Amino acid sequence: MSELLQFLFSGLTVGAVYALVALGFTIIYNASDVVNFAQGEFVMLGGMITWFAYQAGLPLPLAALVAILATAALGVTLNKLAIEPARGAPVVSLIIITIGASVFIQGAAQQVFDKQIHSFPAFSGDTPLRVLEATIQPQSLWVIGGALVVFVGLWLFFTRTLIGRAVLATSNNRLAAQLVGINTNFVMTLSFALSAGIGALAGVLATPITLTAYNVGIGFALKGFAGAMLGGMGNPKGALVGGFLIGLIEALTAGYLSSTYKEAVAFVVILLVLFFMPQGLFGSKSTERV
Amino acid sequence: MTLLSIEGLGIAFGGIKAVHDVSLKVDPGEIVSIIGPNGAGKTTLFNMISGIYQPDSGCVLLEGEDVTGMAPFRLASRGMSRTFQNLQIFQNMTVLENAIAGFHLQERGAVLADLLHLPSSRRRARAAEAGARALLARVGLERAADREAGSLSYGSLKRLEIARALALRPKVLLLDEPAAGCNAVETEEIDQLIAEVAASGVAILLVEHDMKLVMRISSHVVVLDQGEKIAEGAPAEVSRDPAVIAAYLGSEEAAHADG
Amino acid sequence: SAEIKIGASVSATGPAAFLGDPEAKTLEMLVEEINAKGGINGEKIELVLYDDGGDPNKARTFATRLIENDEVQAIIGGSTTGTSMSILSVAEDAEIPFISLAGAIDIVQPVKPYTFKTPHTDRMACQKIFEDMQKRGIETIGMISGTDGFGASMQAQCKDVAGEYGIKIAADETYDPKDADMTAQLTKIRNTEGVQAVLNPGFGQGPAIVTRNYRQLGIELPLYQSHGVASDGFIELAGKDAVEGVRLPGTALLVADLLAEDDPQKPVVMAYKTAYEERHNEPVSTFGGYAHDGFALLVDALTRAGSAEPEAIRDALEATSALVGTTGVYTMSAEDHLGLDLSAFRMLEVKGGTWSLVE
Amino acid sequence: MLTVEGLRSRYGRIEVLHGIDLHVDSGEIVTVVGANGAGKTTLLRCLSGVQPLSSGTITFRGEPLHLVPAYRRLARGLAHSPEGRQIFTNLTVEENLRLGAFLYTDERVEKDMDDAFQMFPILKEKRNLVAGGLSGGQQQMLAMARALMGRPFCLLLDEPSMGLAPIVVQQIFEVISGLKALGVTVLLVEQNAFGALKIADRGYVMETGRITMQGPSEELISNPRIREAYLGL
Amino acid sequence: MPRLSAKSATLLVLAALVVVSPLFFPSGYYYRVGALIFVNGLAVTGIVILTGYAGQISLGHAGFAGIGGYACALAPVHLGLPPALAAVLGVLISGALAYLVGRPILRLKGYYLAVATLGFGILVSMVLNNERQLTGGPDGIIVPDLGLRGLLKDWGLNISNGEFWYFFCGIALLIGAWIALNLRQSPTGRALRALHGSEIAAQTVGIDVARLKLQAFVISAVYASVAGSLLALQNKFITPDVAGFMHSIEMVTMAVLGGAGSVLGAILGAGVLTLLPQVLTVFAEFEQLVLGLVMMLMMIFLREGLLPSLLRKLRGRDE
C-alpha cells in the first residue's frame, strides 16, 4: 500500500513535469499546426537562466521571473526571425526550422552558460512530506500545482476568451482569420511568448528536482511531445492527462515490472491508445466534409 | 437487373438523422437526379453509396450484389466512380497526373515491375497517359495538362474531377454538383458531357442545384428533404409538386428559370 | 615541419560531454604548457582536436581524418567505449598509437599492438567497492544503474565480479540518464529482503537524483556511488545533507589536498589541479585526469623514443614504467596496455560536506 | 467608395491580372462576370489583401488601401466572403459568427447574430455544431453570414449562390438587394450572371485577366455577345 | 536534342559524382566521407519514398537501420551466416517488422504517426541498449569483416579499405536511386503521390490506400536497413546510436533539407548534413550553433528544400 503510494508520488512528480512541457506544446500547435521541437530548450533556458541569475546574486523569485521573461522574449524573437519569414512553407519545413532552432539554442547555451549540471534550492525546503508511509518532496507539490494552474489558465484562455478563439481560428484557417480582422502575426507572437514562458516556468519549477544543463531540452521535448500526443495534440486537457499518464505508467512499471523497460511500456501504451483512438485520448477529430 | 439500387439507406450524426430510409434505383444509361434543400442529405447519401460513410441501416446493391459499407477502393474496382462537392484534388501533382491517377485500376500492376521499371510497367503507364490526355481534351483542360493542379481556378478543378472520375470507365457515376462554379454556358458543356456519358451506357446519379440542368437531362428525379424522400418522378412532374416547390424551388418558375 | 602532430577525438558535446569537455580542455592546456617549455626534445607539439559528440560513427571518421589527412603521429581520445572501439580499429589498421580515455576493459583485452588506455576499468571500481563492503560486513546489496554506456558497463562488470567477494545482488534496478525521479526503483530496492547497501553506477545528474531520493525515502543503508561522479560538483548537486556518508572509489585527484605529503601522486595532481582550475574556473574532474595521464604517457614515450615515428612511440609506450599520473602509477608491458592496479583507487567518503579518505 | 487602378497580380511568375481598372460607388451593387479562370477570384483576393499586387492602386473611401495589411481591411469597412467558403471548420457555427465580429465587443454583436440566424434559420439550429460538419450549402450561408457580422461598408462576395438551393438563391439575391437599402456597397462575383445582373446596378465583364466590357446591368443583359457567352441565351 | 528525363539526369549526375570526385581527393579521408554520404543518401532515399512521395512521416526509421546493422554483427556470430547474407537477413527482418508495425500505425496521420513511429524506434533502440548479453549494450559490438575486399584482392584488384567502401556504397546508392526514380514515374509511385494529396480521392479512384502506404513503409524500411548494414560493415563496429532517435531525426532532416520530394535533392541534403560537421570543426566551439543556424536559414530561404528551390530559382531566371 505504502509502496503503491510511493510509486504514485513518483509518477505524479515526473508526470507533472511532462504535463507542463506538453502544455507548452499546445499553444504554438493551436496557433500554427506546428509542433515546436525547440519547446524543450525553453524548459532548459528556464532552469539555466534562473541558475545564472541566482548565482549572480538575484533572489530566487526574481531570478525565476527574469528567466521566464527572457525566455518569452526569446520565443518572440524565434517567431519573428525564423517562423514568420518562413510563412507558407510546408509544415515539415517548419518542423526542421524548430529542430534547427533547438540545435542552435543548445549550441548558444553551452557558450553563454557552461556545460555543467546545475540546480538551485527547492522553493520550500528539502524536508520530505510524509503521507502515510510514503514521502514526497515539497518541490513536487510546486510542480504538480504549476501544471494544474497552467492547465486551468490555458483552458480558460482557449474556451473563454476571444483572443484564445482567435488563436484556434488562425491555425484552422489563416486566410479566414485575416478576413475577420485577426492580426495573425500578433497571434503567432503571442503564442510563442506564452509557449516559451510556460516552458521556462516548467524549467524553473522542475530544476530543483530534475537538475538542469545545456542539453536537457531534448529529453523534455520528447516526453512532453509523447504526453501531448497521448492526450491529443492541441487540447490542454489532453496535455495534462497525457503528461501525468506517462509519468504514472513509468513509475508503476519501474515499481512493479521492470525499470529497464519502463519507457517501453509507456510507448506501448501510447501505441495501444492510438490504435483505438487515432486522435489521442481527447483529441478532436477535425471535421472536413467531402 | 438494376445496376445500382439502394434500399432503405439511413445514417445519423450525433442523434440527428441526416438520411432516413431512402431507396432508389438507377439503370444503365439513366440519369437519376437527387435534388433537395441544403442539408437535405444528398451528399451524405453519396458518401454512403460510395463507401465513405457506413450506413446505420439499409443496403446498397451493385449489380445485384450487396456492397453496403464496402471500402471505396473496392467499389471503384467494381465500377463505381464519383466526384466531390468539396473538391478532392491531388494538389501536389500536375493536372495530367491527376487525370492519370483515375486510370489507376487499369494501369496498376506488380510493385516489383514498377520498382525495376520493367517494360510491362512502362506500357501500362503510357496507355494511361494517352487516355488521360484524351479525357482532359474532353473537359477542355488539354492546355492546362502540365500545370500544377493547385493552380487551377475553381471551375477548372471541378472539370478536372469529372475527367478523373470518367477515367475509371465506371458503370455507375456519382456527380455531386458538377456544375457549381460554372456559368450558364459552361454548364451547358457539362450538360452535354453528362448526356454523352449516359448515352454510352453508364448509370448516372446526379446531385445538382442548377434546375435548368436537372430538368433538361434527368430521366428521373428524386427529391430529398431533411433526409427523407418527399417526391420522385419525371422532371416535369416533380417540378410541379407543391411540396417540392415549397421546400426547395420557391416558385415553379425557378425550375425553368433561365439563370 | 619538424613538429610532432598529435590527434585527439573526444566527446566534447553530446551525451558524453561530461567526459569529453574536461578532456578537451585538459589536452589544450597541456599542449600549450609543454610548448611554452620548448616542446619535447626541442620539437613543438601541434594538437589536432575534434569533437565526435560521442557518436562512434563520427569518431571513426575523425580518426580517419586524423590519420589520413592530418597525418598525426598518435591519437588520444575516445571518451566513451563506443568511440574508442571505433577509433582503435582505424588506428590499428594504420598502425598509429592510440591512447583511449574510456573505461571498458575490452579496449585493451585482448591486447592490441597499438592501443593503450589510461582510465582504470569499471571492473576495478567494482572490486574496490566490494572490498570496502566486505570490510564493513556487507553481503547483500541492491544496485541501481544508469542505462547509459557508463552505467550499463559498470553494472555488468560489478555483477560479474560480485561473487568473488561473496556479495549477492538482491535487487538490480536501472534508470534512464534523463529520468527525474528514482523513488520507484529505490522503494523497490528498500523493500527487497536483506539488502544491506546500495550501489549506483552512473554519471551525470542521475546519481545526484538517486542520492536525493535516497534521503527523501529515508533509507539508512550505506550508499555507494561510482567514480563516474567523483567531483565536487556532485556534492553540490545532490545537496550536502543528502550526500553525507556516501562512499565512492575515486582517484587521488579528488582528494589532492588530503594526500600525504610523501604520496608520489601529490605533486602531479596538485600541479594539474591548480593549473586547470585557474585556467578554466571550474573544478577538475577525474575524466580530465584521464586525458592528463594519456598526454603524460605520450610525452614520456616521445621523450624516451627520441623519435616521432609511430612505431617508435608504440614501443616506448609499451615500455612505460612507473609513470606517475593523476589516476595512478602506470607500468605497461606487452601483456598489459593499461598498467594500473587497484591501488589507483582510493575509497572516499563524504564527511561534513567534503570528500575524505576512508582509512 | 472603391476605386481600382491598373491592378496587376501574379502567382509566382505567371501574371493573371493585367491591369484592372474598376470602381464601385457608394451604395451600388456591382457585379463581375467572366469565364472559369478569368481572374475574378484573384481580383477579390487582391482587394481584401490576401493576395499581393504587383502594381496598381486600390483606393477605398478616399484612402489608399493597398498598403493596409489584410487583417486591418475589415476594420476599414471591407469584408470578403471568399471562394471555397473558408469557414473555421473546427469551430462551432456560433464561434464562426462571433469571430466574424472579432473586432467588436458591444451588444450589437448579439443582435447581428440574431439577424444572421433569422436570415438563415438553419444556422440557428446548428449553432453549437462544428461548422465542418455542415452541408456545402449551409457552409456557404455561414460564410456569407460571417462576412456580414463584420459590419462592412463594402462587401466582396465570391459566388455567394454556389451550391445553394434555388429557394435560397432567390433569398440570397434578395438579401443582397436588401443590403443596398442599408447602405452597404456590394461587389459581386457570380456565375449565375443572369441573377446577378438582375439585381446589380452595373457590371463588368472579365476575360483572361482584363476588363473587356462594362456598363449598366440592363445594357449588359441585352448585349448579344454577353447573352451568348455568359447567359447561355 | 532530345531532352534528358529527370530520371536519367539524376542518375547521370550521381554516377558522375561517384566516379569523378575521387580525382580530386587529396587523401584517403575523403573516401571515408564520400562513403558516409552515400550511405546516408541511401537511407534518405527511403525517406523520399515514404515522406516525399507518400507523405507519411516517420521518426523511427533509425530503428530499421539498427536492425540492419545489428543483423550484420549478430547473424555471423550466432547463425554462422556470412556478413553479406546477414545483411539480407536484416532486410528480411526489417521488412517483416515494418509490415507488422506498419499495419496498425499507418492508419494514424501526421504527428500521431510521427509519435507512433518514434515509439517504435525507441523500442528498438531500447532493446539494443538493454539486451547486453546479445547486443553488447550501449558500448556496442564488433562487426565481422565483409570479406569482399579480400576476394577482390584475389582477383587482382587491390584497393584500400576507404576506396573499397567508397565505391561499394556509391554503387549501392546508384541502385537505390535508380529504383526510387523508377518508382516515382510508375503507376505505383503516382498512386503514392495521389494518396499524399487526398486519401479520399485516392480511394475513389481505386487505390488501396492502406496497402500502398504499407508498401511504401516496407520499402523505405528496407532502404534504412541496407544503409544500416553498410554502415556497420564498413565501421566494423556498431553501437545502439544508429537506432537512436537523433539518427531518425537526422534522416528526416537530410531529406527535407535537400527536398523530400526529389531523390537527388534528398541525397544532396544527406551530402550537406554529412559534410557540415566536418567543415564546422574549424568552429569547434560554435559547431552546434552554426549547424542550427544553417538548418534554419536553409529552410527559411529554400523552403521546399535545397534542390527544388534552387531549380525553381534557376528556371525563374531563364524566363
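Odds and ends about this structure:
We just call them A, B, C, D and E in the order they show up, numbering each chain from 1.
Everything that follows uses one rule, which is that a residue touches a chain if its C-beta (ideal position, glycine included) is under 8 Å from a C-beta of that chain, and two chains touch if they have at least 3 such contacts.
Treat the numbers as computed from the prediction; the structure is a model and nothing was measured.
Common neighbours of subunit A and subunit B, by the contact definition above: D, E.
Farthest chain from subunit D (centres taken as the mean of C-alpha atoms): C.
With centres set at the average Cα position, the gap from subunit D to subunit E is 50 Å. With centres taken as mean Cα positions, subunit E sits 31 Å from subunit A.
One inter-chain figure worth recording: subunit A and subunit D are separated by 42 Å, centre to centre, where each centre is the mean of the chain's CA atoms. With centres set at the average Cα position, the gap from subunit A to subunit C is 35 Å. For subunit A, the set of residues that touch two or more other chains comprises 110, 260, 263, 288-290.
For subunit C, the set of residues touching two or more other chains reads 13, 147, 174. The set of subunit E residues that touch two or more partner chains comprises 130, 200, 287-288.
Interface residues of subunit D facing subunit B in the complex, by the touch rule stated above, are 11, 14, 33, 35-38, 41, 83-84, 122, 129, 133-138, 140-141, 159, 162-171, 191-195, 198, 228-233. For subunit B in complex with subunit A, the touching residues are 43, 47, 52, 84-86, 88. Listing the residues of subunit E that touch subunit B in their complex gives 55, 178-179, 182-183, 185-191, 193-194, 196-198, 200-209, 215, 219, 261. Interface residues of subunit A facing subunit B in the complex, by the touch rule stated above, are 288-290. Within the complex formed with subunit C, the subunit E residues making contact are 26-30, 32-33, 36, 129-130, 132, 137-140, 142, 161-162, 231, 235-239, 241-242, 277-278, 281, 284, 287-288.
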